[in-house]
Amino acid sequence: MIRADQFIVIAGPCAVETYETTLACAKGVQRAGATLFRAGAYKPRTNPKSFQGLGEEGLEILEAVRRETGLRIVTEVMETRLVERVAASADVLQIGTRNMSNFALLKEVGKTRHPVILKRGMAATLDEFLQAAEYILQEGNENVILCERGIRTFETYTRNTLDLSAVPALKELSSLPVIVDPSHGTGRRSLVPPMALAGIAAGADGLLVEVHPDPDNSWTSDGKQSLDLPGFERLMADAKRLLPLFGKSLGTLEPLNATSAV
Amino acid sequence: MIRADQFIVIAGPCAVETYETTLACAKGVQRAGATLFRAGAYKPRTNPKSFQGLGEEGLEILEAVRRETGLRIVTEVMETRLVERVAASADVLQIGTRNMSNFALLKEVGKTRHPVILKRGMAATLDEFLQAAEYILQEGNENVILCERGIRTFETYTRNTLDLSAVPALKELSSLPVIVDPSHGTGRRSLVPPMALAGIAAGADGLLVEVHPDPDNSWTSDGKQSLDLPGFERLMADAKRLLPLFGKSLGTLEPLNATSAV
Amino acid sequence: MIRADQFIVIAGPCAVETYETTLACAKGVQRAGATLFRAGAYKPRTNPKSFQGLGEEGLEILEAVRRETGLRIVTEVMETRLVERVAASADVLQIGTRNMSNFALLKEVGKTRHPVILKRGMAATLDEFLQAAEYILQEGNENVILCERGIRTFETYTRNTLDLSAVPALKELSSLPVIVDPSHGTGRRSLVPPMALAGIAAGADGLLVEVHPDPDNSWTSDGKQSLDLPGFERLMADAKRLLPLFGKSLGTLEPLNATSAV
Amino acid sequence: MIRADQFIVIAGPCAVETYETTLACAKGVQRAGATLFRAGAYKPRTNPKSFQGLGEEGLEILEAVRRETGLRIVTEVMETRLVERVAASADVLQIGTRNMSNFALLKEVGKTRHPVILKRGMAATLDEFLQAAEYILQEGNENVILCERGIRTFETYTRNTLDLSAVPALKELSSLPVIVDPSHGTGRRSLVPPMALAGIAAGADGLLVEVHPDPDNSWTSDGKQSLDLPGFERLMADAKRLLPLFGKSLGTLEPLNATSAV
């Protein structure tokens, strides 16, 4: 559902915060060229006492942002009982790294016809990653987008180790589109632009980038890996220069077929 | 809920197969000294085409085995919508390694009063492991048992690398009981007995051991890490000699308090 | 010693084999644009029974290749007692991944004035990598080039996991040039070109690429990660198109200062 | 060279410091039951500015300690040119984790007839570990002792992850003795005793334990993983109770054959 000559850029903050900051972020990333907006209403947090997302209220803010901007919405769903509810508000469902092997959840999103961004588990082999995708495909949903978001290694300077070789490798092993998340992949704002461009050069079909209008005042700890809007604009300018060399230009998700719900 | 002078041994096959083999296994491990029986009715399988467990039918077999043997039943629950159903048949709920960060599921088992065996994620730090436990505790269920089952490393001779230092480390960081699963931790039958004994010496409160009456004809791929009944008997004989040196003897799960449902 | 607007490409076979194949390879990579030629006379092999390199004879072949082509020679040195001998034949010394923490060897190459390519250890953090470089610098040799060549993870599809985020990270932490070895980094021929281009986009100062005129008949096991000459030519054509976007063009190692022995 | 019914305990400080503290430590560990004394005269340090060991002076202190106590001396050798010199002062040569794949050094110690303790590389597979041992064996020195000392993983609570499954695994794959270093394996004093006992239960032939009379004033950073003398005495008391269950008692290195230089 991503044409071979197109490249998608999904951007937005870690979490939905207020309507105003979320809208400001959406308008900013749209202006810079992003075609999908991502923000979390339900947040998987290691610490049970951390902010867990606005939930229902977050979904409503996302719907309002879509009405206002026309941007399609990507958001994470974390449990089977909420798939229907989240799918009612979002255009694209995201399965986070911690749920890559939550097979009940994979089957449940497989029953929708929404595109699903499936993030690689922190310690998942490529083979396991593709078999997780198979759980979704097997239910009849062929709109699966694989997302490399870094794996866990001994290195501590970066939050994870972004495995860009996964991009061409997954393309050898499967025909699914592959996007890259350099924000979680590195955990450091300064490393996001070079790794985003490296992702393009490695053959990715898109990027998922954290952008926050005021990263240092983000409600979650992900501020330090978020670009601000000027930083995202510079990245998009570089990306637009780079993409033609790889026969691509900025595009969006295509409906997979005429009857698709997207 | 495991007394400081006691040690629990949970044993059984990877999956519930037929009533006959399951009962035979239960009687065998009971005779050797196991006080809890574990078998999976719902199996998390990497490959969606692999045997996924008998489900409902498996739970019924487990109930029949309990009636017949008196052994308490440990079994895995993989999704929120099944927690109530599994809890009706099982005495102890197991959260598998792939679901250590399935926070919705952790909260759901936290609402029961069943003891919960929480397995460490394949790439979870001890800090993340303890915070996952906190999701259960925070719902009011204090019956959490931590299970070290091996982490993922570059080594390929073993299926995982059993991190026995996690045992004393977790005991420094928390007051929860810690058990060891040398079967998944090594993936090789021959390594299970030495690593089980090493787990005792490292200070564990119990073991979770895969035992199958006929491992080479197991319905799942875990046969190669399962002990057969004579092998389990030898391990138990060694364990019984070793435990007194650590001030322990074979015991069982104690009710945490008078109002506990266990 | 690599100018900010230049990019070096070092290419050649894993090991020096015969004079004829070595010369053919050197002429081929030179024609495609490589400015340095690399081949091993001394090979660090996991298995003591594997081919360990031609040694002295290999160094003589490399000298003959330099006379014939004018290409500067890069080759690995594995022990202190051979540093002087290897430095007499080679223009650039390579310290392999297994010797990154062989401090006696680091000090010894630090006493020469040859540029030294220091490969990251398989499990070395960036901090350890830079401290290893410090062992060389401290002896007065400032010509150190850092080489990211993949780290060891649980992934088995690739030989190592090429950590391209090391490129911008090392540039944040140090002013030393950083090159990328996509051949050892991936272990698969098909992944070398995309990862080489990704390395450029990540900001690398150069590439180290295995090229063999007839990879399937290589004397070492590295054939499966070697490009053949047409494959290398295609990669170079792509690289030449990509470099200007990053303000770079193909160049070579500059003498660090007028008194340098290089 | 370690009898099947014996178990060796090698103890001592990270580095040789003064004659007085080294002798005090040696007498202390001897009194507690250690039969070999280990201290480093040459220290492999990540940071080139850290204390690198007393060198020659350290060797002389070790010789004096041997004369005074009768304890055999284990010490690390880090480069080929020093093998002969170190072998003149030491009874047993140690190859550190950073040099496991320093093949020139392995061959050089292979030419001596001293027992060699070969530490597993931080990211070495068991197969690579055994092949490194083969480099020594191939030169005619059959006195190789394998030492598991922890591998590098994502866990940060411990310095390394002590892979005790390596003990029974190496014994399946080879007939060489295997010892365990719980000090480097954990990096935390409090975890050393339980992991030392777990090593015995896993089937190890010996222990290598860091002991310092005053760990908080150690000259190196390893103080925090060193036992003090009372802590080592308690460990030895526990070990002596545990060993008989595994058919072992405290012993020493046996000469491999009558013509051995040891």
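Letters A, B, C and D name the chains as they come in the text, with residue numbers starting at 1 for each one.
Going forward, contacts are C-beta pairs under 8 Å (C-beta built on N, C-alpha and C of every residue); 3 or more make two chains touch, one makes a residue touch a chain.
A quick note: this is a predicted structure, and the numbers were derived from the prediction, not measured.
**Q** Which chains, if any, touch subunit B and subunit C both?
**A** A, D
**Q** Interface overlap for subunit C and subunit D, more than half of numbers shared or less than half: same or different?
**A** same
**Q** Centre to centre, by mean C-alpha position, how many angstrom separate subunit B and subunit D?
**A** Roughly 36 Å, centre to centre.
**Q** What is the distance, in whole Å, between the centres of subunit A and subunit D, each centre taken as the mean of its C-alpha atoms?
**A** Between these chains, centre-to-centre, one finds 49 Å.
**Q** Could you say which residues in subunit B touch two or more other chains, in rising order?
**A** 123, 127, 152-154, 156
**Q** Along subunit A, where are the residues that touch subunit C in the complex?
**A** Subunit A reaches subunit C through residues 123, 125-127, 151, 153-158, 161-165, 167-169, 172-173, 185-186, 188, 190-191, 194-195, 197-203, 241-242, 245.
**Q** Within the complex, which stretch of subunit A touches subunit B?
**A** Contacts found on subunit A: 44-49, 78-81, 98-99, 101-105, 121-123, 127-128, 131-132, 134-135, 138, 152.
**Q** In their shared complex, at which residues does subunit D touch subunit A?
**A** Those residues of subunit D that touch subunit A are 152-154, 156.
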